[in-house]
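Presented below are the structures under discussion, each in the form of C-alpha cells.
In the two assemblies presented below, chain A is common to both, partnered first by chain B and then by chain C.
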Partner chain A sequence: MEWFWVILVLLLVGSAASLLGSFIVLKGFGMLGDAISHAVLPAIVIGYLIGGIYDNNWFLILSIALAVLTSLTIEWLYQRTRMYPDGIMGLIFTFLFALGLLMIDLWTYSVDLDPECVLFGEAAYIPFSFFLIGNALIPKQLILSVIIWLIILIFTFAGYRPLALSTFDRIYAHSIKMHPSLWQYSISALVAVLTVIAIESVGIVLLLSILVVPASIAFLWAKRLHSMIFLAQIVNATLIFLGLLFALYVDIPISAGIAILGGLALLTITILKKK
Partner chain B sequence: MDLPIHIFVALAFIGWFSGLMGAVLLVHHRVLIGDVLSHSVLAGVAFVFLLFLEVSFPLLIAGAIASTLLAALLIEFIKNRTPLKEDVVLGIVLAFMFAIGIAFLAVSQKIPSIEKAMLNTLLLGEVSAILPNEVPYMVIASIVGSLVIWLLYKGWFFTGFDPVFGQTQQVPINRLRKILLFIVASGILLTAYISGVVLAVGLLIAPALIGRFFSTRLYSTLLLSGLSGAVLAVLGGIVSAKVEGLSTGPLIIFSAGLIGLLTILFSPHYGIVLHRIRYVLFKWSRGQENILRAAYKVLERTGNTSYAFSLEELKQACDDPPPSWTILLKVLEMKGFVKQSGNKWLLTPQGLEKAKRLTRLHRLLELYLSEIVKIAPEKVHSYAESLEHIITPEVEQRLYELLRDKQYDPHKKPVPWNGSG
Partner chain C sequence: MNQKNPVIKVTNLTAGYDTGPVIWGVSFEIPEGVVAGIVGPNGAGKSTLLKVMVGILKPHSGTVLFWNKEYSEVYKRIAYVPQKEEVDWTFPATVYDVVMMGRWVHKGLWKRITKQDKEIVRQALETVEMWDYRNRQISKLSGGQQQRVFFARALAQDPDLFLLDEPFAGVDMKTEETLLELLKQQASKGKTVVVVHHNLFTAAEHFQWLVLLNMHVVSVGPPEEVLTSENIERAYGGHLPVLAKLSQRLSSLREKPTR
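This part shows the complex of A and B:
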C-alpha cells in the first residue's frame, strides 16, 4: 500500500510541475524552482522551532508564505531595477539559505534539523502521516498533492488564453488589459507553493527536474502550446515509471533515479536531433 | 573561535577572485551558471569517494574539476543544439548533475568506512579546515585566474555588451564565452571551499551586484566587485571569529547578501529608492509646469487683463493633470508664481514670464516636430507634452535660434515670443 501512495504522489506532483513547466520553459525561468527551494530554509527552521519535528503544519504554512513572498520580491525587484533578474534571484536565495543555516547554528540545541534532508528529500522515505477519511487512511502528502494538482490544473485550463498570450506576446496582452504581469506573478506564486509541497513529498532534485525536463522535451517536438502541454504530461508519466524501475534496479534514491533518467532522455534527444 | 592569519589570506584572495568571476558572469547575464557548476562538484567528489574509497586532496580536486567541466560541456552542448533558453538549460543540467551526486552519495553511504562529515563540509563549507600549506595554492590559483580574466578584458567588453559589433571586429565571441565557462568551472572550486557548494554562487553574485550598481564602466565594475568580494569574505571571517557558534561560510554569504540587497535599494545611480525619489520629484515638477502652461492657455482664451483664472478653467485646460492640484498650487504660491484672491487665482509677473516661456517651448517643439522631423501635426502635441519637461537650456536656445521667425505653431496658435503677447 505504501508504494501505491508513493507512485500516486509522484504522478500528481509531476503532472502539476510539468503543467507549469511548459510556461516556465517558454519564458526561460528554469532556475526559479532551485531558487525557491533554497529560500524557504529559514521558514522551515522557524516552523520546526514552533511545532517540533514531527507532524506539524507550521512548517508548511510558513514555508509557503516565505516562498510566495520570495518569488514576489524577486519579481518586484526586477520590475523596479530592470537589471539582472538572474543576479537578483541568486542574491536573494543564497542570502535566505545562509540565514537559515545561521539560524540552525544559533539554535542547534533545540533544532535537530539536517539541511541535507531539505536539499535531498526522498520519495520513498517520506514519513507519511495519515488522516482518516471515511474508512480509508489517506496520507497528508497525498491530500496536499491532490489539492495543488487541482489548483494548477484549473489555473492552466481556465487561464489558458491569457497565459498563452502573456507568454508569447506580452505587449499585446497588456494592450488588451489582460494584465500579463499578474499572470506572471501567479505562475511564480504557484511554483513557490508546489516547491514547498514537493520538499516534503518528492524531494527538491526531482522537482527541479520535472519542472523543466518534460516540458523541454515536449518543446523540442511540439509545434503548438496545447500539444506541448499534452506531450509534457505523457513524457512526465513515462519518465516517472521508467525512473522508478531504474532507481529500484540500481538501488539509488527514487527521486535521483527519475531525475537522472530525465537528464539522460533529454541528452539523447539532443544528440539524435538534427541540428 | 580564533581564526589564524593564513585563513584570512585565503579568504581575501578567494573573495577577490570570486567577485571578479561574478562580475564577468553578471554582465553576460549568466551568473546562475555558477550555481549549476558548484552543485555539480558533488557528483565528481562522491564518484571519487566510491572509486577509491579514500579521501585524498588531489584526487578530490581532480574529481571536482572533472564534474564541473562535464557540467559546463553539457550546458554548451544542449544550448548549441536546441532552441531552449539558457536558464532552462541551466535548470536541466543542475537537476541532472545534482541527482547524479545524490545517487553516488546514497550508494557511498551504504559503505561504512566513508567519513560523512567530509561530505557535509563539502556541501556547506568549513573555513577553519583550511590548512596553512594549502593557502599558497589557493593564492596562486586566485592570482592566475584573475590574470586570465584581466588579459581577456577587451573580449568581455564585446561578449558582454555588444556581441554583434564584436563579431564584425573579428573578436572570437563564441570561443570567449566558452573560455569564460571554463574559467568559472575551475575557479568555483575555490569559492566552494570557503562557502560550500550550495552557497558558492552567493559569493559571486553579491560582490558583482555591488560593483555593478556602484559603477557605470566595465573596468571599475570589475575592480569594485573584486575588492568588495575580498572585503566581504574577510569581514565574514572576522565576525565569525568574534561570535561564538556561527559557521563562517554562511556568515560570509549572509552579510554579503545583506549588503548586496542594501546596494540594490540605495545605491546612488541605479538604487531603487533614490530612483523612486527622483521619479516622484520629476512628477511633481512636471505637474507645476503643466499648471503654469494651462493657466497661460486659460488667459489666452479669456483675455483676462488681471491675469485671473479659476480652478475649473485650469482643470479643463490641462491635458496632463498633476498628482495634486491643491498642493501644487500652494507650492507655486510659495515660489511666487501665483497668488490666491477669493476663489480665483492670479498669475504674478514672474509666473506670467515662466508660463510664457513654457508655452513658447511647447509650441516651438510642436513646430520642430511637425516641420523638421515631419511628424503628422495631430500627433505632435503629445510628443511635445513629454519632451518639454526634459529639454536642457542649451537645446532650448538652439530651438529659439532655429525657429526664431515662426509666429504660429502647427495648430495656428501664436508663439509667445519675448515682448509679444
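This part shows the complex of A and C:
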C-alpha cells in the first residue's frame, strides 16, 4: 500500500510540474524552481526560530510565502527591466540564500543548529525515502499534492488561451486585454508553491528535473503547444515508472533515479533528433 | 476627408518610459477609410506612439480616442500587429494556430471555436496566400511569411482598424507588394489602416495620409502636403541628399493627379 502512495504522490507532483514546465521552459524560466528552492532559506531559518526544529507547519507556511514573494519579484524584474531571466534569478536567489546563511550565523549559533541540516533539509525535511514510505506522514503529502495538482490542472485548462498568448506574444495579448502580466505572475507563483510542497514530498532534485526535462523533451517533438503539454505528461509518467524501477534496481534514492534517467533521455533524444 | 469624423483622435499626448518622454504633446487625427502612415526618423517615437495607442504603455498625459471612445471600449474592433521581432518564433505553434489566436479576442477564455471561426481563419490565410502552409511550424517560416501570418491573424480578428508596427521590415519585395495591396483593399472596404513605417518613398507612393513625427508632430495630412522639403528637413534635421531626391519625386507626383 505504501508504494501505491509513493507512486501516486510522484505522479501528481510530476504531472503538475510538467504542466507548468511547458510554459516556463518556453519562457526561458527553466531555472525558476532552482532559484526558489535556494531562496527560501531565510524562511526556513525563521521557521526554525519560531517553531523549533520539529514544527513543520511554520517551515511550510513561511517557505511558501517567501517562495511566492521571490517568484513575483523575479517576474516583476523580468517585465520591468531588459535583464535576461538567468541574470535576474541568479541575482535574487544568491542574495536570499546568502541572507539565510547570515541569519543562521547570527541567530542560531547559540542553539547549536547545524547549518548542514538547514541547508539540505535533513532535519526539517526528512529525506524523501523515509518520508514517502513512512506510514504516518503519507496522508499529508498526498493531500497537499492532490490540492496543488488540481489547482494547476484547472489553471492550465481554464487559462490555456491567455497562457499560450502571453507566452508567445505578450504585446498582442496586452492589446486585446488578455492581461498577460497577471497570467505570467500566476505561473511564477504556482511554480513557487509547487516547489516548496515538492521539497517536502518528493525532494528538490526530482522537482527541478521534472520541471524541465519532460517539457524540454516534448518541445523537441511537438509542433503545437497543446501537443507539447500532452506529450510532457506522457514523458513524465514514463520517466517516473522507469526511474522508480531503475532506482530500486541499483538501490539509489528514487528522486536521483528519475532525475538521472530524465537527463539521459533528454541527452539521447537531442542527439538522435534530426534538425 | 477632414470633415468626416476621425477614426483616431490623439490629443496632446506625451508618453515614453521611466527615463523620460519620447513623444511630446502629440496631436493628430486620422480619417476613416485610408491607409495612413506614421513616418519619421529612427528614434522618433513611432512605435512608442503605437504602443500608447493600444494601451500597452500608459501616457504621461493626453488622450487617444477611437471613434470618440476610449480604447478599452472598442479594442475588439482594433487589430494591432506588433513587430515580428517582438515574439519568439520557435514557439510550438503552426501557422493555423497563430491565425486562430486572432479569434480569441471575441471568444474570451471559454467560448468554443465554431465553424464560422474556422471559416474566417481559412479566408484570412487564403487572403495572404498562406493556406497551403497552414500546418507548417512557425519556426520554419521566412521573415516575409511570418509577416503574412501576423497580418492574417489581424484579418481573423475582423477589425475596423488595423495598426501595424513596421510590417515591411525584413520582408521580401513580393511580400511587401502583396501586403501593400491587401492594406489598400481593406481601406477600399471602408476600414482604416495605420502603418508605422520608415521609408518615405513607399509612404509617399502608397499612403493617403501621413503623420510625420519626430518626437513632436511635424506635419499631418495628405502626403503631398506633408512631405515638403521644409517639413522633411525639420523632421530629419539637416539636408540629406536622399531627401532632395524625394522632394523632386514628390513634386513630379504632385503635378500628375493620383490615380
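In the analysis below, the second predicted complex is superposed on the first by the 236 of 275 C-alpha atoms of A that agree within 3 Å, B and C clash if a C-alpha of one lies under 4 Å from a C-alpha of the other, contacts with A are read in each partner's own complex, and residues count from 1 in each chain.
Convention: a contact is a pair of C-beta atoms (placed from the backbone, for glycine too) under 8 Å apart; a residue touches a chain by one contact, two chains touch by 3 or more.
Note that this is a predicted model, so its numbers are computed, not measured.
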Overlay on chain A: chain C relative to chain B, clash or fit: clash
Of chain C and chain B, partner touching more chain A residues: B
Which superposed partner A:Arg224 touches (first chain B, second chain C, both, neither): second
First, second, both or neither for A:Val25, with chain B first and chain C second: first
Partner chain(s) touched by A:Leu165 [first = chain B, second = chain C, both, neither]: second
Which of chain B and chain C A:Lys177 touches, first, second, both or neither: second
Where chain C runs into chain B (options 189-197, 207-215 or 243-251): 207-215
Touching both chain B and chain C, residues of chain A: 219
Residue ranges of chain C touching chain A (in the complex, touch as defined): 51, 54-56, 72, 75-76, 78, 80-82, 86-88, 91-94, 97-98, 101, 104-105, 107, 109-110, 137, 153, 157
Sites on chain A touched by chain C in the complex: 26, 158-159, 161-162, 164-165, 167-172, 174-178, 219, 222-225, 227-228
Residues on chain B engaged by chain A in the complex (per definition of touch): 26, 29-32, 34-35, 74, 77-78, 81-100, 102-103, 106-107, 120, 123-124, 198-199, 201-202, 204-206, 208-209, 212-213, 245-247, 249-254, 256-258, 260-261, 264, 270, 272, 275-276
Residues of chain A that touch chain B when the two form their complex: 24-25, 27-31, 33-34, 38, 77, 80-81, 83-84, 86-92, 94-99, 101-102, 105-106, 108, 115-116, 119-120, 205-206, 208-209, 211-213, 216, 219-220, 250-253, 255-257, 259-260, 262-264, 266-267, 270-271, 273, 275
